[in-house]
Every structure is written in C-alpha cells, then in structure tokens.
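Labels for the chains are A, B, C and D, by order of writing; each one numbers its residues from 1.
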Amino acid sequence: MLLEKLRTDVLEANLELVERGLVLYTFGNASGISRDEGLVAIKPSGVPYDVMKPSDIVVVDMDGKIVDGTMKPSSDLHTHLLLYKQFPAIGGVVHTHSEFATAWAQAGRSIPAYGTTHADYFYGPVPVTDELTAEEIGGEYVLNTGVAICRRFLDPENGLDPEAVPAVLVAGHAPFCWGKTVHDAAHNAVVLESVARMAFYTATLRPDAQGVSQALLDRHYFRKHGEKATYGQK
Amino acid sequence: MLLEKLRTDVLEANLELVERGLVLYTFGNASGISRDEGLVAIKPSGVPYDVMKPSDIVVVDMDGKIVDGTMKPSSDLHTHLLLYKQFPAIGGVVHTHSEFATAWAQAGRSIPAYGTTHADYFYGPVPVTDELTAEEIGGEYVLNTGVAICRRFLDPENGLDPEAVPAVLVAGHAPFCWGKTVHDAAHNAVVLESVARMAFYTATLRPDAQGVSQALLDRHYFRKHGEKATYGQK
Amino acid sequence: MLLEKLRTDVLEANLELVERGLVLYTFGNASGISRDEGLVAIKPSGVPYDVMKPSDIVVVDMDGKIVDGTMKPSSDLHTHLLLYKQFPAIGGVVHTHSEFATAWAQAGRSIPAYGTTHADYFYGPVPVTDELTAEEIGGEYVLNTGVAICRRFLDPENGLDPEAVPAVLVAGHAPFCWGKTVHDAAHNAVVLESVARMAFYTATLRPDAQGVSQALLDRHYFRKHGEKATYGQK
Amino acid sequence: MLLEKLRTDVLEANLELVERGLVLYTFGNASGISRDEGLVAIKPSGVPYDVMKPSDIVVVDMDGKIVDGTMKPSSDLHTHLLLYKQFPAIGGVVHTHSEFATAWAQAGRSIPAYGTTHADYFYGPVPVTDELTAEEIGGEYVLNTGVAICRRFLDPENGLDPEAVPAVLVAGHAPFCWGKTVHDAAHNAVVLESVARMAFYTATLRPDAQGVSQALLDRHYFRKHGEKATYGQK
C-alpha cells in the first residue's frame, strides 16, 4: 500500500475529529502530504468513520488524479491541494463544520484574540475570508474556496503568515485548519473550536472586548512556537 | 410479524434519535411507510426506548387503524399520516423536541440558511408554521398540526417543495422532519438540530446576518441532491 | 431495614439525577414519604453518590427526628418536610442546582410556558418565589425556604395547584420539584432542566415571546394528566 | 520516591480536571505543597494525561529548583510558588482554561455572587485581576501573573481573604484556584466552572442582576465553612 504511514496518520487525524466531537456523520475531512513524492493522502467522500480503514484513504497527485485507492476522494480535495501549493511549509489540512467556529464563519466575523488560549496557537485574530462571488461559486467552487483563503493570507499589504495563523474561517461556510503534520492540523482544529466557543461567550459578556495586548500575544505565542519556545519537555 | 424489515428500520431510527441526544425519556417518535401496502409502522406511545423491540412497533393503515401490534401508537400518529398522504414522495417521518430546533419553534422564527451546512440539507430557510387557532387546538389537534404543516408547504403562492426542505418547525411546539426513508428522516432531524444550534450562535453573533447567497445555496444543495450530485461514493 | 422499598426508590431517584447530569459532586437531594407511617426517607448529607447504599438513606419522622439510619440527613431536610405537610398529594421531593433552572432562579424570573414540552408537564409558568428577608435567612433558613415556596403556591388570590405545577424556583437559589412519587419528582426535575434550557434559548431568540395560548396549554397538559389523558399505554 | 503520597494526590487532582471536562489535551496544571519540607509537587509540562505517572510529577523547592523528577515542571510553576508563599494557609493550586471561567477572565469581569451555589464556595464575587503591564509581561511573566493575583488579594484597602475566596480570574488569561489540599483546589476549580456557566446564563437573562444579599451570602458560606458548618457528616 502506497504511503502506508501517511494514510494511517490521516485516518487517525480524521478519527481524532470524531472523538473530540467536531464532526457529525461523514462531515469533515483531513489530509496529509508527502512533499518528497508530491502526493496527498485524503479521506474518502461520504464514508462512515467507524468502518474507515487506512486503505480507504485516497492517494492523489497534486492535480488531484488518483494514484492509489479505490474510493472517491473528499469533495473538498481541491481546496486542500491549493493550500498545499500555496503554503509550502504545511504538511496537513483539516476541514470541519465544528459548531462554534462555523457560527463565526456564518456571522462573517473573524475571531479576535481575546485571551492567552488563543494566543498560544494563533498569532492574531483567526480571519474570515471575503464571500465568494457568484462567478466563483458557479465555477470551480471547491478550488475557488482555496483561492479565497489564499487571497486573505497572501495579500501583499494585509497578508498573514499561514504558519503563525494556522486557521481560517470561510465566510458562510466553516473553518479550514492546517499544521506541520495532519496531526497538528487536527489538534489546531480542536483548539480552534474551544477558542471559538470561549470567544462566543466573551463577546456576549462584553461586546466591546478588545482582546489581548500585543505584548501578551507575543509572550504566549512565542512560549509555544519558534526557537525560544519553553513549553513541553523539549 | 407484518412488515418486519420496516419495523426494524423504524426501531433503529428511533434509537438513532436517542444516541444522538435528540430525545429525553419517551419523547420523540419516528415512523416509516410501505407505500405498496398502504401501511405505516410507528413507535408505540410512551414506551421506554431501552426495552423497545421491533414487535412493539405498531402497524396501522392510512386511517390509523391498528393492523398489527399490541401497543397504542404514538400520540402524534395523525400528524404522521397526513404528511404521508400530502407528501407522496416521502417514506419516513420523525418528530422530536430537540432543544435548539424547538427553541426556534417556540420563538416562532424560521431558521435562516446561514451557511453551507444548512444548504447541504435544506434548500432555503426551515419554515415555521402559523400558530394553530383555538378551534384547531380544541378539535382534531394532532391532525390539525399536520394541516398547519401542509398549509405552509402546499400554499399555492408561497409553498415549498417538501423534498427540497425536509423539515418544519411547528410554532410553539417543535420540529417535524421527513425523508425518503425513516433513516433519512432521522438523519435530517439530527442535522437540523446541529443547524439550529449553529443558527442560534450566528444570530447572537450577528443579529442582522443575511444568510448565504442564492448561488451558494444552489451549489451546496445540488452537490448532495439531484442528478448532478457529486458527494459520496456513488 | 425500615422502609426498604422507599429507601431503594429514594436512592434510585438520587442516582437518576446524577445520570442525567443534574448534580455535581454531592449536590442535590431527593426524598420520598410514606404517608401511612408519617415517615420520610431522604438522602444523607454530603455523601458521594457512587458509594451510597439504601441503608445510608435516612428515615425521619415529620419533625425531622431520625427514626432509622446512622447518617445525618440532607441539610435541606426541613424544606422537604414542610412541602410534604403543605402539599398533601405529593409523595416525593427533589432539589438540585441544575444549571439552567438555577440561572432562571438567580435571575429572579419565572419560566414562561413557551411551548408544548413545558405544557406537557407544567400547567403554566414555573414560578419564582420572593426573596427571603434577612430575618428569614438569619432564622430557620431551611424551613423558611419551604415557607417561601408555600407562600407562592398557597396564596389565597394568586396561588397555584402544586399538582398542576410540580416545580418552583427559589429566588437566588435553585429549583425544587415534586411528584406523586420520588421517581416522578426526579423525572420532573430532569424535564424542568430541559424546559429551562429551551426557554433560555427562546428568550434569547425572541425577548418578547409570549408563550403558548391557553388553548394549547390546556390541550397538552390534559393530554398527559387527569382523567382524559391519552398519552402512554394506559 | 520523594513525597509519594503528595505526588499521587497531585496526579489524581490533575486527572480529576480531565474527568470533569475542564482541560483539553495537556492544558491545565495542579500542584500540592508539603509545608514541613518546603517542597512543591507539580504536573510536568506538556505531558499527556493518559500516560502520566506519580513519578512524572516534579518535586521542586520554593525557588523552583528541581529536587526530584526527570521532567520539566509546568510552565506556570512560578505562579504556583508565589501563591504558596503569599497565601500561607493553602495546600494546593490548580490552573485551568475551563471555558466559562476563562470567558469571564477574557471579558475582564469578575463573577458576581448570583446565587447560593456560588455562596457555598466563594464568599463574594470571584475577582478579576488588573491586566499585566507590558513590562510585567516582557519580564518575569509567570511570576508576575502571581504578583497580579496577590496585588488583588493583599491590597491593604480592598483586599480579600484567599481562604474565603479560593479563586481568581487573571484578566485576558484564565482562572487559578486553590484550597487546603490539591484535591480541594481541583474541587473548587470544578465548582467555579459550574458557577461561571450559571453566571453567564444569569447575566444574559437579567443583565442588571444584583446577586445575593449579604444575609444569604453569609448563611450559605458559613453553612459549609468555619466552626459552625452544618453540611456533611462531620
């Protein structure tokens, strides 16, 4: 079986989403990339999680052509592929309709960095994309979802570093998250949902809340990321 | 045992409602129809789910007369029967008091199509009925609950296609859902509750949220429904 | 062991509160009465639920004197006793700090009959008591909690039938529920929490919601209660 | 193994936080102190809870120097140590990002004593600290988090008794709780989250809610604390 380790990782990350309550029925999808081989392993479309096996994970090339596997890949495949092409440092992508993150996406609001939990993972607000145009929706919709994400991150003036902010809310749709590996991406999706939930409560308790200071954002983010990270056993 | 397969399906759909947290104690009911035989299999009234067997599922004819079974049918039977008569394409009906969908019903508000999760299942807002009149309540109340639903869907000017919008909120009461089979109906009830929950959060975060564009509604709905559906392994 | 059956029922009702998520740690208490013998069986104070046995349930007389048992009774004993004296038709009492019902009590708001779930169990709003005075709090506080409840129900002008509205919110405190048996009382406590939760969402979605009509209240309440009840297998 | 009993208690308290849903992944930390030996046992940094053993708990002296253990201590160690130094009556400290308490912290609002559940544990509002200055954040941040807490409690004019109010919200961050033992501290953290949840609902239902009277606060607090406590089997 081609890319057995990666497929197993992708399966486990998908199951992590189930265990953490982020997905309902066959909703959600996770993928991982082998940069050396230029191949992506992704969840099959509409298969129940409780019977999914590593061999059900579909391996495709960067054009989305199936290289190994008998199932159809996730219908969100072309969003994943574009993110891998445009964000060269990432190794995994996760998409869910987790309920609080999705509510922020449906409200068209980015999630402010209200506290240190957020700052530990996301170096600034989790942004929301612009809405897709009717032309983009009517055309290569799944690809264009990725285009809208990249437009937000790669904007020459107001762009964002996808490594520092490993999540986005697609307006009217739901979140996409990523990470160094597919496990990181799933972990970020789980934390995003907790952060989105706390942000909902915070915005209700104090509609004019301003979020953490730049100093606190820096302190917490760099506590867990970069060369001076101090968290954990490394 | 008459209609053994259908009874088993109806039992399983009822238990799906329990597992997904949509019902409390003996609340809720699911039914399925055999169109060829003109018979409906429905949950018995007030029986605990953990001891319910296929033989406890009551089989009735289209007038509600018991054809097979020793239990009394669900007290909502005549709402189910009217839906089967008026919506000829449906094969299953589910009624729950799931908490968020019920809250929208109690608030007398239809659930706007705020996002793609909604659009994947419901082609437009999930409507709320008008309130029943005192006469309707004092008369054949359970039947008239069905009448209020049909009035909303079969209105010559503002009617809705029950296949495209397989759910309704009965004002001051709770949701009814349906589908091609009783399993589909239960699945739609579970998704409706998730959609209702996200819509509650969305309306709180942005009271003037407008919901998805017609283009996005079309794209997502027809991704999963109709001849050009692309989701899943078919 | 005196009143073994009643003690077992009281233990089971207490455990029902745990299983349904209504109590945390040793919070909450349930009791049942044997009217013939004038004895009440009640949960001991501050004992962990997972080690509680029928013999730990304390049997007291109507003055609160321990008749059988080695433990101290629940610190809310004298509220229970007064309710048994003043509401002669009840056989069980339950007190919890279940979170949504408690929030309504803390807000000093009665829970409106917003829908049919409420009407199936409570024939009108679930009332909130007046706040206790400093004198009542400084004196026989637990007894006076019962006095405040009875003042609300037994008021000659605006009183309520405790059989028709088997629950109350003590202002700034939490709910008390009752029923024909301790099992009924626990069941009512579980439903009250669900009703309180849906009412919270409803009041958020529509602050001016008026609740169900008298006709709908009558229809649903008498569907499950009184001589013409049609729900269930009886 | 040094301080085996204390380490086991610290491990159990950490696991209690997991079981009660207060922590996600490796979030949160609990510690206990041996006053006689001047040693603190604390959770290691970033170790998954499901593989944590008593020997993984790190023992440090009051300067934070590791005395026994092979792991790095929690990154919040110096907040814990300062609390032990400044609050001589406490034996355990717990820090979580439990979602509702954190939301109040993120909103910069103290939690009012809205009801008796709160009064049973916290003798007055659970206070929020001032925000740390950029200098404090840029300097000994973890220590300064403790400084901000102590500033709030030990203020000569508006200070609070840490035994009577065993919790605090660090602005923009999350709660710290404490108690006579590490088990008490974890118990207080669990109750704080329930109290924070109910306070959120209460503030939504009645934005101008005033909370309990001094008389009710006294009655409930001293029912469980001090020489005249009547709750439980003692």
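Criterion: a contact is a pair of C-beta atoms (placed from the backbone, for glycine too) under 8 Å apart; a residue touches a chain by one contact, two chains touch by 3 or more.
Since the structure is predicted, the reported quantities are computational estimates derived from the model, not experimental observations.
Both copies, chain B and chain C, contribute mostly unmatched positions to the interface they share, with under half of the numbers common to the two.
Note: centroid distance chain B to chain C, computed from Cα atoms, is 33 Å. The distance from the centre of chain A to the centre of chain C, with each centre set as the mean of the Cα atoms, comes to 46 Å.
Those residues of chain D in touch with two or more other chains are numbered 204. If touching chains are joined by edges, the resulting network of the protein chains shown is one closed cycle, each chain touching exactly two neighbours.
On the chain D side of its complex with chain C, the touching residues are 114-117, 187, 190-191, 194, 197-199, 201-202, 204-206, 209, 211-213, 215-216, 218-219, 223, 230-233.
Listed in rising order, the residues of chain B touching chain C in the complex are 24-27, 44-47, 71-72, 75, 97, 99-100, 102-109, 131-132, 134, 137-138, 141, 172-174, 200, 203-204.
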